[in-house]
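So, here come the structures, one by one.
The same subunit A turns up in both complexes below, where it pairs with subunit B and then with subunit C.
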Partner chain A sequence: MHIFLQLVASGVAVGMIYAAIAFGYQLTFATSKTLNFGQGEALMLGALFGLTLVPFTGYWLMLPLVLVFGFALGALVERLGVRPAVKIKSEYGWIMATIALGIIFKNVAENIWGRDDLKFPSPLPEAALTFGGVRVLPMELLVVAGALLMMLAVELFNRRSIWGKAVVATSNDIDAAGLMGINTRKVITLSYAISAMTAAFAGVLVAPVTLTGATMGSVLALKAFAVAIIGGLESGLGVIVGGLILGVAETLTGFYISTGYKDVPGLILLLLVLAVRPVGLFGKAVIKKV
Partner chain B sequence: MAPSASAPVLARETAPPAAPGLGRFAGILGAALLILGLAAFPHLVGSQYYIHLVTVIAIYAILILGLDIVVGYTGQVSLGHAGLFGVGAYAAAVLFLKFKLGIWLGLLAGIGVTAAFGLLLAIPALRVSGPYLAMVTLAFGTIVQIFINEMTDLTNGPLGITLPPARVLDFSLLGLSSPWGAAGRRLEFYYLVCACLLLTILVVNRVVRSPFGRAFEALRDSPIACDCMGVSVYRYKVYAFVISAGLAGLAGALFAWSERYVAPNTYGFELTVLFLLAVTMGGRKSRSGPLIGAAIVVMMPNILADIELVRMMAGGIAALAVAILAVAFLRRRENRFALLVPALLCIAFFPATLALQSVTDYRLTVFGLMILFVVYYLPEGIVGYLREKLPFLRPAHTGEGRLLTAAGEALIRQGGREGTDPLLRVEGAVMQFGGLKALAGVDLAVRPGTIHGLIGPNGSGKSTMMNVLTGIYQPTDGAVVLAGANRLDGRTPSEIALAGVARTFQNVQLFREMTALENVLVGLHHSFQGTLFDAILSTPRRRREEREARARAMAMLDFVGLGALAQVEARNLPYGKQRLLEIGRALALDPVLLLLDEPAAGLTAPDIAELTTIIRKIRDAGITVILIEHHMDVVMGLCDRVSVLDFGHKIAEGNAREVQSDPKVIEAYLGSPVADAAE
Partner chain C sequence: MRLPVTALAAALACATILAGPARAADPIKIGVSGPFTGGSSSMGVSMRDGVRLAVQEINQKGGVLGRQLQIVERDDEAKNEVGAQVAQELINKEKVVATLGFINTGVALAAQRFYQEAEIPVINNVATGTIITNQFNPPDYDANYVFRTSAYDVLQAGMMADEAITRGFKKIAILADSTNYGQLGREDLEKYLKTKGVTPVTVEKFNIKDVDMTPQLLKSQAAGADVILAYGIGPELGQIANGMAKLGWKVPMITSWPSSMQSFIDIAGPNGNGVTMPQTFIEDKTLPRRKAFLEGYYATYKVSKIPTPVAGAQGYDSVYLLAAAIKQAGGTDGPKIRAALEDLKEKVEGVVTTYDHPFTKTDHNAITRNMVVFGKVQDGRIVYAKDEDAKNAGVVRMKEKASN
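Showing the complex of A and B:
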């Protein structure tokens, strides 16, 4: 039981990272029905960019700079990869283009930062805290808090600011929003920018817990997609629950079966959910009009 | 109905802009050149290195031809093909490692096991498409890699499996020595791969030109219409995946024996992207495209390894970009600003290669840039681009069986039901969307051999009724019964279609990239009994069925007045003709009941006159028609009986005159006189 609780506790931290990335998928899917297949690379670039900054700025000052970096990166991806494809209504186009940009980012990162995993300095003490026998790293607490805060901030932005309301309006009905004078293209760019920003932020959050390197993003992004599917691509609460389910399932698998199979339950869960309930656990079925 | 001998057989002129025979000629010429080239290559170029290179190109081409079925024909993005390739390779390698079984059984196992995996993958993939499918297949590929790595007992884990040289023909079993000596023996494997490639081309050719291939294309263009033509999208996606996976398995098994070493890392995401690049760059929906694509992606790393060559090519590309840009700006072309970014990137590439000592490290970046380039500037690939520029390269298969005969009255099969019992009974149909009742307990009885009008103001539930009748919506409550005993509610659209209910759509849902003839042939899908093996082996049954179906399809096109446009792609037809083609396609189902959803919407007056004549002819042939329409003169002129819906309730029913003068109907359309007076 003790070990079980310990595993759940570490699973929660990982799960929140998945939730944060999945949240980013939701943002772009809501406005433009597209996803950034290079989301993992945005996370990886955020982490590596942060790592380069830390010696100059320290951990806390680095965070806003990474946010700005992620924001710009997302806007770039949207302009280069998504907008031209959406214009010609080519689903294949944006899928391939975001994948291509992801590959390019990864390859460039490999050439700049090398192929080996790097150690990201932890801003908090490395000694574990103990809660009723369950050991928790301070960094894990920061991950959970940071991810939740991030999502909360974006939600507040969407509800309170005029641009946020434009995002919500575009998500509900892009044509109507356009007719109401909202520049929906800019809104889509904005949603990509915010999406990559959350990913980059998730990158610097997770980097001290895991290792940092050019390949760190791919698997995270895929599992975050599983989370987005399990929770439903339209449901904010869904990604948090989905993230927790997956994070815990993984640490349990890693401990009770084998660490080699740690990535499997998420992917199996993804396949199962899509086979049984494609809209996800919290999603609503959409009626298609003919 | 077989075309009767006495029926007038019309030889039809099919003269599309480019003579179709030329395209077929180009195909045969290409095939001959390929066979000759492959056969002669080892004798012209002695170097083992180049022979191996061509072998790998051929193996990749086999996989990419299969991938084209999924990507090009059904229009789905699969990121799992590297995983399938790996499954095939490991199936062959493990068979050798554990049971010392050689290449032949390895190939069979590769195909079989991988096809089974394709089936497994199809189960979750079936319900989704687009980005979901891409992610599912990506997840599948990742799982495969993890399992190969972890199941060390079976796969040797990260160490991989080493294979001995392949023994293709074992003469020692016959007690003979090889007739072509040791040097010839080395070529056995090469020729085996070539044979597999040619066989693959043949099989893929036959499959995509069979009803299966048409179903694949139809489900890409309009899944919903595909289902409503009795072609189950569900089932044909599985077929496409399984065929594609089988070919990936064959390629994988060959690859294992070609490299004589398998290791998990080979079959990762990078390879999948490479395959997709090849299929897009070469050109989808062709046989030559995958060959070209395979050659490019296999040779690319070799070219990139030679920095001098890269610099020369980059220089050439930069010069070309400068030239194109100069022309565009001097002539003030419309697209000159759109060209600016890619052209500048191409030019910048040249100094970048001069600055770099080696491009090998940036191989993936180059691939990424190539994908972006292809996606935006060459979306139809090299072959697609050439086909656009050179008409004689366009595929000729649409003109296959050039003698298109229309076998007279081949039109009506199931119609002609008479009597007074209703053909279709709807009892208390309720369709609820959240809080909205689009249909609130509607009863409907349609007598056979009549045209039954269904009218009502916008939002009254007409189209909902249509969708309930054809199974696109499952009614919340109530029953739909065909011909007295045949319950339709709760069945899938394709089952309902096969039961004899055909429909057209409010916004035209044609298979846009297929010709008018092919559109009707998809409607005739139910008349094909042939299996996949009939298609692959081109059996007499398959050829006869195709001949008969084409004759009937032509008769149907004649019926709706499109005989002369049989070889025109649906998307190129004028709007009025598209509407008629939809009716022709629906008739191909041999329906007892035809549902027309606003067929006259957007038509010009002469088009409407043609349409009403055709609808009358359909009724006279014995097919019952339900007509939703807003043009009141069409409704009044055609319908034997009219039902009026308003807010999900049936408010009136009777013949056209009665309904027209019903005060409730007038109120529904024009508003109540009381309310008007109050204003």
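Showing the complex of A and C:
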């Protein structure tokens, strides 16, 4: 039982890392039905930018600066990669454009920070805490709490602020929102900016647990994408549940079946969800009018 | 199938010889291939800097055969396909006379067949996969162009297993990464343990960039392991050390040599203290040759320690071995350099050891088990793990004639 709980605890920590990244996919999909496939690179840039700042500002003061950085980065990606495709109502252009920007970001990062895996200084003590025999790193708790807070903040923004309401209106019906006088282009830019901001935040959040480096985003972003599909691209709650399912599935499989098959059940689950409920566990089924 | 390629290579070689005398003062081009960026880069960069240092020294003393050595460096990014590309570029475009390098076993296996076909010698100065020097063994091939100056995996696996057994551990857990390197090393470990009648209590796998080692470690713990033998490279070995600290599980960890990488030391921090690994070279200044090498390295690259000392030392030595072979061959013809390496008359004093006939026709590994010691991580440096090794640091361990 103790082992099971330990596995679940570790799985939850890993799962929340995935969820935090997946959350960003969901934000842009809601408004523009497009995704930033450079989400992993946004995370990586956020983490490396943060790592550069930490010696000057310390961990906590670095956070708001990274948020601003991520926000600007997302707006840039939208302007360069997505807007032209959305303008001509291209179904596919943004896919390659966001991937291309991601690769460019990675190369830039390699040239600035090198391709070594670096250790991100932990803001919390590195000794594990014990809860009834289950050992958890303080940093893992911070990842879970930080990711939940971040999602909560974005949800609150969407429900309470006027800009947030515009985001929700755009995500419900972009044409109607446009007719009502909402500048949907700006809303889409905003959603990209917030999306990359969450990714950059996730980056500095997870960096002390994972390692920091130009390639840190690729594996994480792919897993997070699976999480977004499993949970449903329409739902903030979905990505949390999806992340937890994937994270816990990985650690449990690693222990009870084989560490060689650790990544398999998550992907089987993905295939199952796509076969049975293609919109994801928490997605809304939408009938597309042609 | 192989004939046209060989013929082509021979034609190329002839062309080189014909062109040779007219431009005798041309520099001798030597390829250097390794990961200078990425997770293995502390090995690659240390190796490259060791090579640069040796080349600089040799050139200052007038070069080889009156010609300067010129190194052509290429970053293979630790990727097999990039390594193969680099090999072709170095052979066909840069026309190197030999190549030093390969840090990663997978890259070596993917790239060195191009050298074999072009009849250009390659000295692996870091990669340890056992199969590397056996890939082109006679009689399947006329001659083997692949040499090595690192402690190959069978040696290391044997040492790791013996160390665990002699220290009295009964229940061994093996953790290995899923790359060629990790899985070939795991095979060597299991094979060796079998000859000793020991079955590991558990054998686990992890991927490069894995974030969480909890399942692997819990499995080992649940199986009652009293020691961990880990086969991987710096960053993931560091995650294992950190994962053990997180679980509050303290058993000794014996790894393959890459826990001496800077990335392991940085990532594991205090959790890495006490981890032991086989090493051909420890940073100590007991011998004048080593002292000169270390002081030269520190001064040239403005560091207080070599990021990965073993890679730096082996890289450095590989240049001197190659230079001696070129001198003996009297030219840069590939087959002649190979023949010279296989029967090196000159004793080459390197920093790992003094090489006295390091290679023969059937043995292309310069290092034997008696030349390898155990290193230990201690507060950010690699030191001798055993007092008797530390005491005998000044003794040059020569190759055992009877081995292999």
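Here is the rule we use: the second predicted complex is superposed on the first by the 276 of 290 C-alpha atoms of A that agree within 3 Å, B and C clash if a C-alpha of one lies under 4 Å from a C-alpha of the other, contacts with A are read in each partner's own complex, and residues count from 1 in each chain.
The rule we apply is simple: contacts are C-beta pairs under 8 Å (C-beta built on N, C-alpha and C of every residue); 3 or more make two chains touch, one makes a residue touch a chain.
Given the structure is predicted, the values throughout are model-derived calculations rather than measurements.
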item	value
Partner chain(s) touched by A:Arg160 [first = subunit B, second = subunit C, both, neither]	neither
First (subunit B), second (subunit C), both or neither touched by A:Thr251	second
Touching partner for A:Glu110 - first (subunit B), second (subunit C), both, neither	both
Which superposed partner A:Ala128 touches (first subunit B, second subunit C, both, neither)	second
First (subunit B), second (subunit C), both or neither touched by A:Leu272	first
First, second, both or neither for A:Phe225, with subunit B first and subunit C second	first
Contacts of A:Glu91 with subunit B and subunit C, given as first, second, both or neither	first
Subunit B versus subunit C as contact partner of A:Ile3, first or second or both or neither	second
First (subunit B), second (subunit C), both or neither touched by A:Gly260	both
Subunit A positions touched by subunit B in one structure and by subunit C in the second	110, 219, 258, 260, 263
Subunit B residues touching subunit A - in the complex, by the definition given at the top	71, 75, 77, 79, 123-128, 130-132, 134-136, 138-140, 142-143, 146-147, 149-150, 224, 269-270, 273, 276, 280, 361-365, 367-369, 371-372, 375-376, 379, 433, 463, 466-467, 472-473, 505-507, 509
Contact footprint of subunit C on subunit A as seen in their complex	3, 6-7, 10, 13-14, 17, 110, 114-119, 126-128, 130, 135, 137, 206, 209-211, 213, 215-216, 219-220, 250-255, 258-260, 262-263
Residues of subunit A touching subunit B in the complex	34-35, 37, 80-81, 84-85, 88, 90-93, 95-97, 99-104, 106-108, 110-111, 218-219, 222, 225-226, 229, 258, 260-261, 263-264, 267-268, 270-272, 274-275, 278, 287-288, 290
Interface residues, subunit C side, partner subunit A - complex	37-39, 41-42, 77, 178, 204-207, 209, 211-212, 214-216, 218-219, 222, 234-235, 239, 245-248, 263, 266-267, 269
